Amino acid sequence: MGKVELAGSNRQPRRGWLFSLAPYIVIVVVLLALPPFLSAYHLSMLTKVLIFAIFAMSLDFIVGYTGLLSLGHAAFLGVAGYAAGILIVRYDIVSFWLVMPLGILAAGIAAAIIGYIALRVSGVYFLLVTLAFGQLLSAAAVKWRAMTGGTDGLVGITRPDLGLPGFTWTGSSYYYLVFLAFVICFFLLYRITKSTFGQTLVGIRENEPRMQCLGYNTWAHKYVAFILAGLFAGVAGVLFAIFYGIMVPGNLGLMTSASVMLMVIIGGAGTLFGPVIGAGFIVVLERFVSDYVPERWPLILGCVFIICVMFMRGGFGIYLSRFWKGMRVRLWKC
Amino acid sequence: MDVILLHFLIGISFGCILFLLGTGLSLTMGLMRIVNLSHGALYMVGGYTGLAVAKLTENLVGRNLCFVLGILAGGICAGLLGLILETGFLRRLYKRELDQVLLTIGFVYILTNLVQWVWGPVPQSGVVPSILSGSIPLGGVTFPVFRLAIIAFGLVAAAGLWLFQERTRIGAIVRAGMDNKEMAMALGINLKMVFTGVFALGAFIAGFCGLIGAPLLGINLGIGWDALLLAMIVVIVGGTGSVQGALVGGLVIGLIDAYGKAFFPELAYFTMYIVLIIILLFRPSGLMGRKI
Amino acid sequence: MEVLRVDGLSKNFGGLQVFHGLSFTVEAGDKLALIGPNGAGKTTLLNILGGQLPATAGRVHLLGQEITRLAPRHRLHLGLSRSFQLNNLFLNLTLMENILLALEGAERSHFQMLHPIDAQTELVATAQELLESMGLWEKRFDPITTLSYGDQRRMDFALAMVSKPKLLLLDEPSAGLTIAESVSLADTMRQLPKDTALFFCAHDMDLVFNLADQIMVLGSGQIIARGTPYEIQANPKVKEIYLGSEVPSEDVRSS
């Protein structure tokens, strides 16, 4: 499932850290500087990419690093999004500093409950259980009209208040908020995946029985990883709800879970930037296709996906990773 | 009493459809250790194709025979698709089981979109052969004949599949493959062909019941995922790898769903999931399953 | 000091009874080899002792504490470590990562989320010592799959030793090794600390006679015999188990 990355920088000489940081710096600078040059349409697309990037990274944390295939990850996006939406629409809680943490917390609680049940089984059963829970929550959203608006969705989710005097939301300012969230999430996930805990997740993915014999409580690790993934998905969920202004039951269900899984796989599981690329690829490709043959988008997506699974183990991310490593060696030699 | 009986029959008839849906998935999971997530999509393709064939031939051979032709066409179409999927794609990822599962997700997208391309997004309604239309009085309730026929067919199919599993050589080979692949191969069994055969059979059954299940489940673009979900719940509750598991799972879910809708209408849709969660908490390998 | 005590251990798989009423002890520093015909249940016994399989009946005590139903990870922390018949390494990871994971596992808490695993300098230093002693330090960043099978087996053994166990369980340690590699492995194993008990099952009689100070023979679901290698060699019941009873009673060394 994607090339394994070595934890820590023991591989490269210590001086090389600047080089390994370089691409990140470049990307950050570019993304910071872009908004004035983009139309509202493109800016909105970029915002959407970043939101899905957070969502995809969170899924990659359990799929690529821990080796647990989940088809119910949208449940956490949806729970957070609905929680945020309900707070804003039904309870008039408009402070961002309340809405965001509560949304994330809701996702975390959902992950704690679902994870506890789902992790009683493994492999394909785990996949099925997560799928079932996603659908269960989606059905609950349909049923609970009073709160969620049922199939019509929860509408009128306005951008919450940042508490800054004289501040109003624009497409640009929301983009910067999302971008900030993305950078923070990326940084945190980067630290966690490179940490001891992250390495043990990789060990569990590679050989769980041996990890148990080496003294690890593998269930606890998987559970914690699952909850963490849920929390990060929650971040994406709140941002998602605010971005679109509406939450529908489908956001909790299989279609959304499958889409984010596709992003992870196409971009490359087991790397952090892979899912980011995957998110970008799919969002951009979808906009492109919908200009020409919008009804055939699922067909095209399915084909791309199958090609990636069959021939590009590790998705685009691996090629990028190898390309960059090759570049770095050449640059270092200069 | 009448109400109990009515819902009992409703539950059993729904359960038989669930059994048929679940069998293919269960066998594939038990033998190949992968979840064929396109199982529901194959059911859908079978339903659409079968309906199209039935409508086409209705004037030629009459209301009853066209139905039979329809279900056969649905089954064969789905079976062929299953064959292509397995030999062309899944087989090439031998031993990459999680990748195989991912592949089947891709198939769902493709199949659903192809169906939409051909038949459009409007839901269709199923047909019932005239010989099986209408209702008959039964122990104080009137009950649709078609549903009775489903029960009869389901039980006959269950018996047939069980005999196939337990009493035929091929069935023994399949069970051997489920227990111990290496051993089966060492005994000279061509496991690849067994895999393909089981997969295609599962697809055939799914497609076959596409038209049969239409009056109960409908024929629309969403049924791909819906049917998969139902099949999955049946498989988890009943246990994988055996016909009896799928039957038990199907009947249990069917009955619980029927009584749930009757007595707890607010919870109706969730009764299935509640059963699923209970089973997972206390008996993850399913009611009749081997230990995972 | 008694390291392992097994009381009345039985194991059935459905209707098949593998063994029944096994009882034996292992003292600190014992080097006990378990031999027996194929299918006698050697690996099953090892799996029960290691925690991978549950026993049908009976009890297992490690250093005085009952571990019959304890999960493998707890057994490790109590002092029991094992390696496996087929390689059970992290094949896609590098040597360094394998060793670090093993070293980390022996620690008590593993949920540190902020720093990379190789920032723990004592761990890295221990890993370096270990790899250097096996002559594999240069290959530390290579994936396990690039090693020869013999080196992989040594790594497997190293991983099992990392937690400084009181009892080491090995399943066919020299399976698949050439004679030279097997001798090399025996040398490595002889360097075990004196008080580490070793309990291993093997078919390789050269290894057994080289390494074990006691042999236990498992056959027909029972312990047929236990004693020093020469006692076992001369034991008629053992010969019968391996060779059947219609064989002239010459001193045939089973191999």
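First chain written, first letter: the chains are A, B and C, and each begins at residue 1.
Everything below uses one rule, namely that a residue touches a chain if its C-beta (ideal position, glycine included) is under 8 Å from a C-beta of that chain, and two chains touch if they have at least 3 such contacts.
No experiment lies behind these values; they were computed from the predicted model shown.
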{"item": "Farthest chain (mean CA position) relative to subunit C", "value": "B"}
{"item": "Central chain (distance from its CA mean to the mean of all protein CA atoms)", "value": "A"}
{"item": "For subunit A paired with subunit C, centre-to-centre distance based on mean C-alpha positions, whole Å", "value": "43"}
{"item": "Subunit B and subunit C, separation of their C-alpha mean positions in angstrom", "value": "47"}
{"item": "Whole-Å gap separating subunit A and subunit B, where each centre is the average of the chain's CA atoms", "value": "33"}
{"item": "Junction residues of subunit B - those touching two or more other chains", "value": "none"}
{"item": "Residue ranges of subunit A in contact with subunit C within the complex", "value": "4, 6-11, 191-192, 194-200, 202-203, 206-207, 209-218, 221, 224"}
{"item": "Complex contacts: residues of subunit B adjacent to subunit A", "value": "29, 33-35, 89, 92-93, 97-99, 101-103, 105-110, 112-114, 116-117, 225, 229, 232-233, 235-236, 266, 269-270, 273, 276-277, 280-281, 284, 292"}
{"item": "Contact set on subunit C toward subunit A in their complex", "value": "50-52, 71-73, 76-77, 81-82, 84, 88-94, 96-97, 100-102, 104-107, 110-120, 124, 141, 159, 162-163"}
{"item": "Touching residues (chain side subunit A, partner subunit B) in the complex", "value": "1, 69, 71, 117-118, 120-125, 127-129, 131-133, 135-136, 139-140, 143, 254-255, 258, 261-262, 265, 295-299, 301-303, 305-306, 309-310, 313"}
